[in-house]
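Have a look at these structures, which come just after this line.
Each of the two complexes below includes chain A, the first together with chain B, the second together with chain C.
Moving on, here comes the complex of A and B:
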């Protein structure tokens, strides 16, 4: 029971991060391997502001979200848009964007290491909290609740507003949505920026209960990618289920076998997905 | 490519390799060590480019195979009392089997899945190996004690480079090389003209895994003390990708054009500004994508082609 709830709580935050990457890959078609670094930036900001002025990470989140939105928007406009224009097909764009975001990821890690080379250790709401007779750390629960709030708001926006609908249209087909008068470049930039902002908020939330350091971003990129592939690219419902599964499996392995094996567990899931359901949990086989 | 120019390039290659084999005669300790690093990355980057060049599938698995090779030599010699050369034979076979299995699982699907899978592979194997070491085998320090000098290892790697170049030369002329180029241009077309795309990709990926594990095994005596954290360092994969793409993967000899300057640059950075090495790698990736998409060799060939056009 303890494992299940902890796993679900972790999965909730994973779902939020995967949501961010899903917007970037599903809508803007950029395989962003620097995604994890934006997560770590969110964590670093939370750590700094908390240590300096003991301002709650929840407030930090409100500050970093627009900053990350703006930063990602600029990156898309300046660095990624030229690649989209230059690419003759989706395959070439994928290769180019993978290499370019690798570059950004390393550059960001390099900058962050030079700013703060140690672990981002701080303690926020590390108090016991009781659910059905068992105790959990309050920070995990708060992070989960905020992840659900942010994810829920995004979902409402995507499904019940006009820009949200346009965004979903772009994710189905860039060409067709261009034909019906959607400004694809503008929406792609918006999706990329929004995805980055969501990921950074996820990083701020995660930093309240997991201690991160400057070079850990790639692990989170990896996990977000596994979640997206397991759930099916662009499939929000699938991604949520996949994130919860990953959270549960990781927690189980960490508790019952060894905390060092969480990445191996994530890989085991990944291999199973690739072998049996490469189209995603709820995806249909391409004909 | 005509028969004559093929023979000519073979002769040129042989002469250059012979020259490379003479380096230990003139180089002192410091330069020998750099030459060894260059030889190591030449083999790794060239065998990487054999697979990733024509297909455009960016493999980040080099560190995993390299680490498997080095680690097997370490554990074989320290934990099981095997000889160095026995392990040098076993290690690349294990690397090839691993590459084959990964290839089967991921190369049937789109390239992105492959990249993602290889992205965390070295790290995953590292955690797995550390876990096994801590819980089952017990020993933490793995020693590789041989009487091989850096110059000996260097010569082995030059021979291995010759083998890789020959293999690449053969692949480029063979049906499988042709098949891979078609796959790289348009996988759909390749499938429609009856190429078994998955098999062709798996074969070459297995070969590159074999070579990377062999390099890891051969170079193990250089480090004497093998630690999972060292041999599975993911950086190796990225450096190999940067070097190969910097030189250019369009030609067999392209990667080495990137290996030499980047190895020297890294040596310089690590000696003087070691905290910036990650940043330098990031900048290198960006420079390649935005300014040298076909590598230095591609850029030079482009320049030559335009000049030829303008003079005619």
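Moving on, here comes the complex of A and C:
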């Protein structure tokens, strides 16, 4: 029981890391290597505001989400839209966007180092919370609840609203959805901006229990990439399932076998998925 | 970086047009390559960079260094090695060949000091290493006669922890059960392997002995596992992010041990900033003599000139290494690197940590373990340092 809850909490953390990139890569088709940096930006904002004014990171999250949405929207319009326009095919766009966002990640790291080069560490809700006789960290539970809320909202929106359906259509095929009258450029910008905002929100929540620093973003980008490839690119359900699987497996291995083997176990599962379902758990076979 | 390039270009251009002006000759150029980004940046920003800034400002405020009768200001040329040894070597070469610096500040991190030693030796720069802990020091100093060590070796760090365990057992505070964990990285593995046989030899049972990968996002399984093994003492050979993570979980899970030790970053101001009074009695690597007026004056100057608090360990050692370099330049009365290196070997230096000299290029005066007591991180175990505070047992996480 203890392992299941700890694993679910970790899975929630992983889901927070992966939601944003899933939208950015799945719908907007931008392989955003600076995704982790936006997560760290959220963490930095939470840390700064908490240390200066003891303002709750949850409140910070609500402030930074629209800022990040706007920032990412501008980045997409100014920086990435020209790449999308000139790309002749998906492959070329991927290469271009990887290079552009890779460069952007360095710029962001530089900016954050100049703002705060030390560790972002503070204590928020680092209190014990009991569930069926076992003790868990309250800040992780709060983050998990928000992961559920964010994931649930995204899922409802994508599956039960018209813009959501259009969004899913774009993720299936940009050409075909353009043909049926969907404004693909606008929806892509929206998906990218929304993805950025969700990632930044994840960062503010994660900073309450993981010690980050300005350069750590790439680790989160990689983790997010593994999760969305495991789950199936562009599918929010896949990201949730993959994140929970990773969380549960890592915790089980850490508690029952050896904490030293968590990474090995996570990658073993990743390799298995790639071998037997290369399109991801919820992915569609390429036609 | 771009600024440096432009500056370097400007210097080259002006040098080719004019003869080197007298103004330029009155400056001692000192190079520094250390991480500003990458995994070690968080530590270097606390321990390394502010001290270079503090020392150079203080020297220049006092009118510079007296080199054979001429007062010379110091100018720092700095590069980010991005926590990448390859980048470090490139930047070091650039310091020597393009910037033509007179001296260098030693790198940050054990691996970087070892990786860069051949290149600094090639150019004859005295390398007074601080943030480098290894049991291979005698071999290295025998190979590189410009390399100095000041922060101690692996054995002394593990031995001091075992001494504390033994002291506390003899006093009846703890029993025989020790839980030990380590980060699965060169540093953590080396310390754990050195400590394991010695802890057993001292008659303790290691009831939990696990490692975890660097960057593990959830350390609660480790603390829960350790807690299930009902230890009397908890020892973690940890790096900064996991020092914070393990301690947070220990507080949440109420890991009730009388002896709790985490390694790197326990002495950081941010550690107290995060946990406040809860860390009373926590042991960690490092320490300073909080009762020393020189150290207090240094802490105040550090805060005033850099706007940050120094850590209670290697910050002071880093500052001391620069004091030694400055005194050696003045003592030798020249910018000749060979003469300055020889001067460091032959003399005793008056520093904020007391008189320091080198035996076979190794200083044996350093702190090994400190403990948070009344909100201050005080040195409790050391090699040849005065002012050790008596150890106390940890009494819960309040």
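Here is the rule we go by: the second predicted complex is superposed on the first by the 263 of 287 C-alpha atoms of A that agree within 3 Å, B and C clash if a C-alpha of one lies under 4 Å from a C-alpha of the other, contacts with A are read in each partner's own complex, and residues count from 1 in each chain.
Rule of thumb we're sticking to: a residue touches a chain if its C-beta (ideal position, glycine included) is under 8 Å from a C-beta of that chain, and two chains touch if they have at least 3 such contacts.
Because the structure is a prediction, the values reported are computed rather than measured.
After overlaying the two complexes on the shared chain, residue contacts for A:274 are found with chain B alone; chain C is out of touch. Of the two partner chains placed around the shared chain by superposition, neither chain B nor chain C is touched by A:161. Looking at the shared chain after the overlay, A:229 reaches chain B, while chain C stays out of its contact range.
In the overlay built on the shared chain, the residue A:33 is in contact with chain B alone; chain C does not reach it. Contact with chain C, but none with chain B, is seen for A:137 once the two complexes are overlaid on the shared chain. When both complexes are overlaid on chain A, the residue A:213 reaches chain C alone and has no touch with chain B. Contact with neither chain B nor chain C is seen for A:173 once the two complexes are overlaid on the shared chain. When both complexes are overlaid on chain A, the residue A:258 reaches chain B and chain C alike. In the superposition on chain A, A:96 contacts chain B only, with no contact to chain C. Residues 109-110, 113, 117, 215, 219, 258, 260, 263 of chain A lie at the contact with chain B in one complex and at the contact with chain C in the other. On chain C, the positions that touch chain A within their shared complex are 36-39, 41-42, 45-46, 49, 83, 181, 184, 210-213, 215-218, 220-222, 224-225, 240-241, 244-245, 248-249, 251-254, 265, 268, 270, 273-276, 308.
Contact residues on chain A toward chain C in their complex (touch as defined above): 2, 6, 9-10, 13, 51, 109-110, 113, 117-119, 121-123, 126-128, 135-138, 140, 209-216, 219, 250-251, 254-255, 258-260, 262-263. By the touch rule above, chain A contacts chain B in their complex via residues 31, 33, 79, 82-83, 91-92, 94-96, 98-100, 102-111, 113-114, 117, 215, 218-219, 221-222, 225-226, 229, 258, 260-261, 263-264, 267, 270-271, 274-275, 278. Residue ranges on chain B touching chain A, taken from their complex, read 56, 58, 105-106, 109, 111-113, 115-117, 119-121, 123-124, 127-128, 130-131, 135, 187, 234, 238, 241, 245, 275-286, 288-290, 293.
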